[in-house]
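Worksheet: the structure to be examined is printed underneath.
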């Protein structure tokens, strides 16, 4: 695909080459993301960071990624402020808001809304999450993290074994990641979930049609074995009809130090899209693994910055200008604090 | 008037020369607003974008306008966060907040509050809307749009015929626009509204005293005839005592392709301050006109950026430095996407 | 202490030398804070302004201080958006958010939360207020203001006489200021409050142990006499069990022109951390003193900018680069509007 001026709406728009290009540019963002260098390659550009659903981390991650490239960020954080509540169509909102900035990131609770918005927009739009549907930058940063962690173990994405654990029915991150993996080869996926919260059948059949090996189970201990990566998720309580219904499944699948040691291969990479629910009744990923060298969850969050910087640079076509535009940082950054 | 360091609180403070000066500066903002050039003429300046009432488009429009001139924007979006809820006077808020920025834009639900704030402020204040009272930058961008659209039709503001349609009692945009038109000559205004939602009598008598021709009617089809511009508005539901009372008037006056073709002169400019209510029961301006060449509503929104850039540049006295401070844009802007 | 890369969590971490260093750097910020000069010494740096409790003035003050040094500001203003509501630990939030910015300011309703956050953070954290506990930048700006006001009267902090008035039990500003005063010498403190809202006993015994003279009284008129500074506070209504309970104390201790003239020494400096409650039933500091030359409350707010600029500059180690990095302001700043 041609990234220049493109909307980023779904992982399905990427071929493998596209994914690898994003990763290459993300690698080149490392010095700026880690505060060794500073760039102003987008000095004067404006991001419209339009979040019509609560979010702190994704919103701030996109905003900081744009600031790290030197650009301004304008944003909205509350759906109540929106003209949408006064009966405005997404078409109108898009036509107007897209006149104010050079690129837009949009999160909205309604599946498909971001694509509808993008159709009317006069500037490129990145989907920052549309309900249960898609969250493509999350899938990219997840896969980027898996790739880097596996490489450190002498492995690669092709041929890897990965377990996805938890609420696979509602989690848009596991949906998007699974679809992105289709562009790779010969992957063994184990989906561990309660029967009622299984991965949608369409995604499974798509994966199999693409030549991958898929196993479904509700037996956590069996499912964990022989994987290179295990990807835990939070119960998407807000997608259930009631808290009571969610309670049935809460805390059913957990990983902690003891379980990891007993059932996982050494060096199994531990992932989670965050936030993880650390309350006692849930606690899907225990804090006793916080110092574990294979716990990749915070590197995963850090990688989000690079992936988002890469997307902005590709869409706004400044990748050729990155290195030449950087300078040394002149303030104290703690040397190793970022690592 | 001398714009340097001035508050912009009401359209009544403008003479015709002042309005024309704002429009001239707005014209000069076009290359930067359309992303052909980038300026840093306000690099280092800070806008305090103080919105004590929900708003997305006006808030973002002012913020982006300031970013487009190179400045920083700090803002507040919720009245609950405000010290006002702890019994603080507007005097105190103004004295403190005005120490933090170089210029302030303020929206507040109480008529007159922005003027009261400005009296205590140590920096220039722009009224971004104070209840049903005033919204001067909206009136300026409306008139700027009318002027440009009419000029394309070989007409001018002097001597034009314009119909204002809808809730003329509560709409602050139609109040401010009508008052601004007083500074021009020989205008024929037709106010189309339900009897109960008529334009305030004072505004009508002021217009007549200034030599303009005013007609009031509740007959949409008659009222539309022979105009050069028709300006639709949304029912200001939030100003009614109840939704039930608002429902009486909802959807009474609508424009769509069929009505336009039957009752409007060819090339009649279609305006709306936005947001328009696109729900079936309201739908004052139908989407079937979305591709109509005389639908000016999105150009109107775009012009808002230029007018607000012009106000900032005039107040902070940097109009002489605009052209010399611009540079080529170095990122991809889609060529024609902004037009 | 070494400010480079340090967290600023409590006034108790400062020795007198540290306080004086902050004040010296704050003095050097004056040309930029007063808009005579502009600096870009932190151009490219990012502040994460994380407010998990409503605030306008403190949040905007920190944000503008960072902008005044040339940096970007990303922020969150609502606790609802936070992953904390999804069961995320402060540890996780800190690990993630601290990867996005160069320094963090955090406000949170829970005492001790900011310290817990800082432990997991990879970048320096400034406490912007953690419940009833601490608000160190407020204490620094209060003392900085007292020092400057007294110097104008030929006095100094050492040996001064100060009265703190009002809700001394719940006010974190009076707690932090009292603790900061311990590092100075021979101060006479008079605590004027209802018996039930007295200053915590530990703070009083700490002050006495440090050699200061402390008097407690509920007699306002007696207490006001012979002081160099009187520091009024607002009833912290939100810390009471009910509005009814707060009503018992509301409006008990007030200062106005008549009381000042009758009971205070000439040139007694009048302070208040703001917001002051100007409603008739409270009105702890009457508006009839607004033009009084010794009313320091707005200079106090202005000084907040300088103190916060100084903290950022010290933590990020750019104090040596401030003067060399400044330039003339090129926009209109009103000459004397800032004074």
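A few remarks follow.
Per-chain residue numbering starts at 1, and chain names A, B and C are given in the order in which the chains are listed.
Following the convention adopted for this analysis, a contact is a pair of C-beta atoms (placed from the backbone, for glycine too) under 8 Å apart; a residue touches a chain by one contact, two chains touch by 3 or more.
Predicted, not measured: the structure shown is a model, and the values here were computed from it.
In summary, the pair chain A and chain C forms a contact in which the copies contribute largely different residue numbers, shared numbers making up under half of all those used.
One rotation lays the C-alpha atoms of chain B on chain C, and its angle is 120 degrees to the nearest 5.
Centre-to-centre spacing of chain A and chain C amounts to 39 Å, using the average Cα coordinate of each chain.
Residue positions of chain C with contacts to 2 or more other chains are 77-78. Residue ranges of chain A in contact with chain C, taken from their complex: 35, 38-40, 54-57, 59-61, 63-64, 67-68, 70, 73, 77-78, 234, 237, 274-279, 282, 287, 290, 298, 301-302, 305, 329-334, 337-338.
Those residues of chain A whose C-beta lies close enough to touch chain B in the complex are 4-5, 41-46, 48, 72, 74, 76-78, 80-83, 86-89, 91-93, 95-97, 99-102, 122-124, 315-318, 321.
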